[in-house]
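Presented sequentially are two complexes of subunit A, the first with subunit B as partner and the second with subunit C.
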Partner chain A sequence: MNKLYINKHVKLLNNTVYIDQEKKFSVESDENFSSFAKSVYKNYEIKYSKFYKMDALCKLGFLSADLLLRDLNRENILPEEIAIITANSSSSLHTDKNYQKTLSEIPSPAVFVYTLPNIVSGEISIKNNIKGESLFFIQDKFDTKFISEYVKYLFENTNTKLCITGWIEINMNEDYQTDLYLISKNEGSLEFIETNLNVTYNHE
Partner chain B sequence: MMKVFIGQDNIITPLGFSTKENLDNILNGETGIRTCTNTPLSSKPFPASLIDNTEINERFQALGDIQKYTRFEKLSILSIENALKNSTIPLSDPRTLFILSTTKGNIELLDDDLREDFSKERLNLYTTAKIISEFFSLYNTPMIISNACISGIAAIILGQRLISQGLYDNVIVNGTDVLSRFVVSGFQSFLSLSASPCKPFDANRDGLTLGEGSATIILTKDKSSIEIVNGATSNDANHISGPSTTGEGLFIAINNATKNYKNIDLISAHGTATLYNDDMESKAISRAGLESVPTNSLKGYFGHTLGAAGIIESLINLESLKKNILINTIGCTTPGTVENINIIQEKKDQQLNCLLKLASGFGGCNAAALFLKHE
Partner chain C sequence: MNELIEKLKTQLIEQLNLEDIEPDEIVANEALFGDGLCLDSIDALEIIVLLEKEYNIKIGNPKEGKEIMYSIESLAKFITENKGK
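And now, the complex of A and B:
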C-alpha cells in the first residue's frame, strides 16, 4: 500500500480561516457565525447563490470544502472516485432547534430539509460534483484513529482516489469548528497519519 | 480479508417484538399501518405504523426502570437484548463493537411541552448511544451513523468493512427511530406523506407513510448460513431533498456493491412510494441490467422507519432467502414506474440465494449491500 498524504488542511475557528496552519483571514471576534460566514464568502469571491439558502452547518462545511478544493487538479479523477468522510458531535441540532421553533406557527420545509447532519456532505457534493463513498459519523470528539483507519480502508479497498475528511461542527450555542483535510496518494510534506490530524477544540 | 456473516437478529415494529413475529404477520398479509388520530404527533389524522407505548413499557419492565430511559432508548435496548438472547458473543470485550443507526434519536426532547423529565444532554446522539452501550456493559465506545435514510444500510456496510479488516470479531448494529411532532410535521410540510397507506412502485402512488421501528443485526466472523459480501455508498451530487433524475448515484452504489456479480435473485428496494424515489430506483435498477430481478418494497408493512428501515428490510428479506419465499409489495396493485422493473405482487416460493439491498435518502445519499446464502 502506497502512503497517503494530507495535501491541504482548512480550519475555520474563532472567526478565522487557517490554511495549512497559517492564518489567512479573520473578522472581529464579536461578530456572529452568520456574519463571519458571509465575510469568508465575499473575501474569497465565491459565487454560488444556493449558499444563502443553506443552514449554518452547511455554510460551514461548504466554505471549508470550497477553500480546500480550489486550485485542485482533478484531471484523471472521476466524480465517483472522490469520497467524503466527515464527523461532528452535535449532528444537526443547531438547525433542529430552529426548526422546532417553527412548529408553533407554520413548520418550514426549507428549514426541515437541513435537519440531518449529512446534508452538508450533499451540498459539498453538489457544488463540487462528487459522487463517491460518503458517510457521516457522530462522535463525542473527533476520533482521529478511527477516521484515519477508515479512510485508508477506502483507498485500499474501493475506487477512492481522493478523500475529503474531517470535522464539521456547530452546536446549539453556535460554537463552531471545521478541520477539513484533502487526502490522496500525491506526495506532500505531511503524511496522513492519526497524529497529523491535530484538532483542538474551542469549547474545551 | 475476513468473510463476514450474519449472526442473531431482532425486529421490533407494531407487527411484533421478534423477527419471527414480524415475518409471520407479513406472510399473513398484515400491515402495521393504521390511521392515527388523537395523538400529540399531529393535529390531523394521518396513517402511520406506531408501536404501542404500553407494550414497550410492559416488556421493558423486566429489563430496567421505565422512567429512566426514553422511548427511543427502551426500544433500542429491547431489540439488542432480544438479539443477544440466543447469541454467545462477548459484550465487555475489545473485539465487540456497537454501531447505532438513527436519523433523529431523542429529538422529541426538544419539545418542551412534551418532555421535561429528561436532560437536554440526551439530545446528543453520542449520549444516547453511550446510555445504550452502558446498559449492556460494552467495552468499546459506540459508533453512530446518522446518514438520513441510508443510515441502516450504511451501518451494516461499515460493520462488514471493520470485521473484514480484522478490527473486530463481532459488530452489533442497531437501527432505531421513533416518531415525534418534529419528524411528522417535517414530512407533512414537505407534502410527502400519502393520505392513505403508502403504495410503493404503484402507478397511483402519492407519497410515503412513516413508521417506528428498532432492529438489530449482529455481524460476525463466525460462519453462518448468510454472508454479507460487499457494500457501497455514493452521492447523487444533484439535489439535497429530491432524488437524482437519472438514478446515476444509486447505479454507482449498485455497481460498486455487486462488482458485476450477475446472479442476484432478489432486490429489496428502498421504495418509499414517493413519485420521484420509486422512479429513480427503477432507472438505477434498469441501468444496472437488473430489471427482471424480483424486487419488493416493504414500506407498505412497516411504513418508512428511517434509521431502522435498512436493517428491518434486510432482515425480512434474508428470511426470504432462508425460506425461499418471495415477499410481495403490499400496496402495489398496478406497478407503474418510468422504467419497468419486476415488482413482486404475489407471495410465492422460489429458490433464492443472493439479495441486493438498496437505500437512498436526503442529501442525495445512496447505499447498496449484497448478501449471499450458503447452503
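And now, the complex of A and C:
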C-alpha cells in the first residue's frame, strides 16, 4: 500500500502546547488544568459556545484537535472520510468521580452526559464536521503497534483519507496529556510508522 | 422580583457553566433557549435541578416547562408564585 505520513503533531502537557515538537504556548506551572484549558482557548481565539460546558477530557481533546486541524486544507475531503482513533488509560474516571459526588444530592444531567470517554470524539466531530470511523480504546499505555495497524487498516480498507489518532488522557489527579497526530497519504516530514508515534508519559 | 431576577442570572451562569457570559448580558425577558442564550435540553434539566435544589420547587406539569423556562423573568415569576407552597 501507499505510504502514510504524519502531517502534524499536537501535544498538551505540563501547561504547555507543543506543535510538531516545538513549544508554542505555556502558562505558569502552578495553574490547574481548568485554568490552562481556558488560557489555551483564549490564546488561540477559539469560539465555541459549548466549550465551558465540557468536562476536562473533552476540553483536552477538543483543544488539541482544534490546534491539529486549524489551517488544514479540507478541499476534496468529505466529513465521512475523516476518522478519529484515540485511546487513554483513565477512561472518563475524572468525570465519573465528579458525577459520583453529585449523587448525594440531585444528580447532575450536565455532568452525567460526559461519563463516557468517547464523548470527546463526539465533541471533536461536531465542532469539525467529522463523520468518519470513530473509536476510543482504553489501554494501560498507548499501544503504538495496535493503533498504527488499526489506522493503516482503515486507509487500506475504508474510504478514510485523513485520520486523527493518538492519546487523550486525564486521570483523577488531573495529570493530563495529549499526543494527537494527523495522518494522511500527503507527504509529510515523518512517515507514519509505529516508532514515530511517540507518546512519553510524565505521570507514572 | 428584581432581586430574584439578578440572583437567578448568577445561579444560571454557575449551574450551566456559562463562564463567558456576564449577568448583565442576560436580558430578563429574552428567550433562554433557541436564539437567546442558546441553551439545550441538558440545560433545561439543569434548570429543573436548580429549581428543586435551591428553591425546593418542582415543575408539576411537564407541559408547562416550556413556558416556565422561557426567560429569566418567567422563571422568577414561577418561583415567586410557588415558593413555600
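Please note the rule applied: the second predicted complex is superposed on the first by the 204 of 204 C-alpha atoms of A that agree within 3 Å, B and C clash if a C-alpha of one lies under 4 Å from a C-alpha of the other, contacts with A are read in each partner's own complex, and residues count from 1 in each chain.
Simple rule for what comes next: a contact is a pair of C-beta atoms (placed from the backbone, for glycine too) under 8 Å apart; a residue touches a chain by one contact, two chains touch by 3 or more.
Quick caveat: nothing in here was measured; it's all calculated off a predicted structure.
Of the two partner chains placed by superposition, A:Asn7 touches none, neither subunit B nor subunit C. Once the two complexes are laid over each other on the shared chain, residue contacts for A:Glu123 go to subunit B alone; subunit C is not touched.
By the touch criterion stated above, A:Lys131 is placed in contact with subunit B alone, subunit C being left untouched.
Contact with both subunit B and subunit C is seen for A:Pro109 once the two complexes are overlaid on the shared chain. With both structures placed on the common chain, the touch criterion links A:Thr160 to neither subunit B nor subunit C. Shared-chain residue A:Thr95: touches no atom of subunit B or subunit C. When the shared chain is aligned, no partner comes close enough to touch A:Ser64: not subunit B, not subunit C. Within subunit A, the residues touching subunit B in one complex and subunit C in the other are 106, 108-109, 113.
For subunit A in complex with subunit C, the residues that touch the partner chain are 38, 49, 52-53, 105-106, 108-110, 113. By the touch criterion given at the top, residues 1, 103-105, 107, 110-111, 123-126, 129, 141, 143-148, 154, 158, 161, 165, 167, 181-182, 185-186, 188-191, 232-241, 248-249, 252, 256, 361-365 of subunit B touch subunit A in their complex.
By the touch rule above, subunit A contacts subunit B in their complex via residues 79-80, 84, 89-91, 93, 96-97, 99-100, 103, 106-109, 112-113, 115-119, 121-123, 125-126, 128-140, 143, 146, 149-150, 153, 157-159. Residue ranges of subunit C in contact with subunit A, taken from their complex: 16-20, 38, 42-43, 45-46, 49, 52-53.
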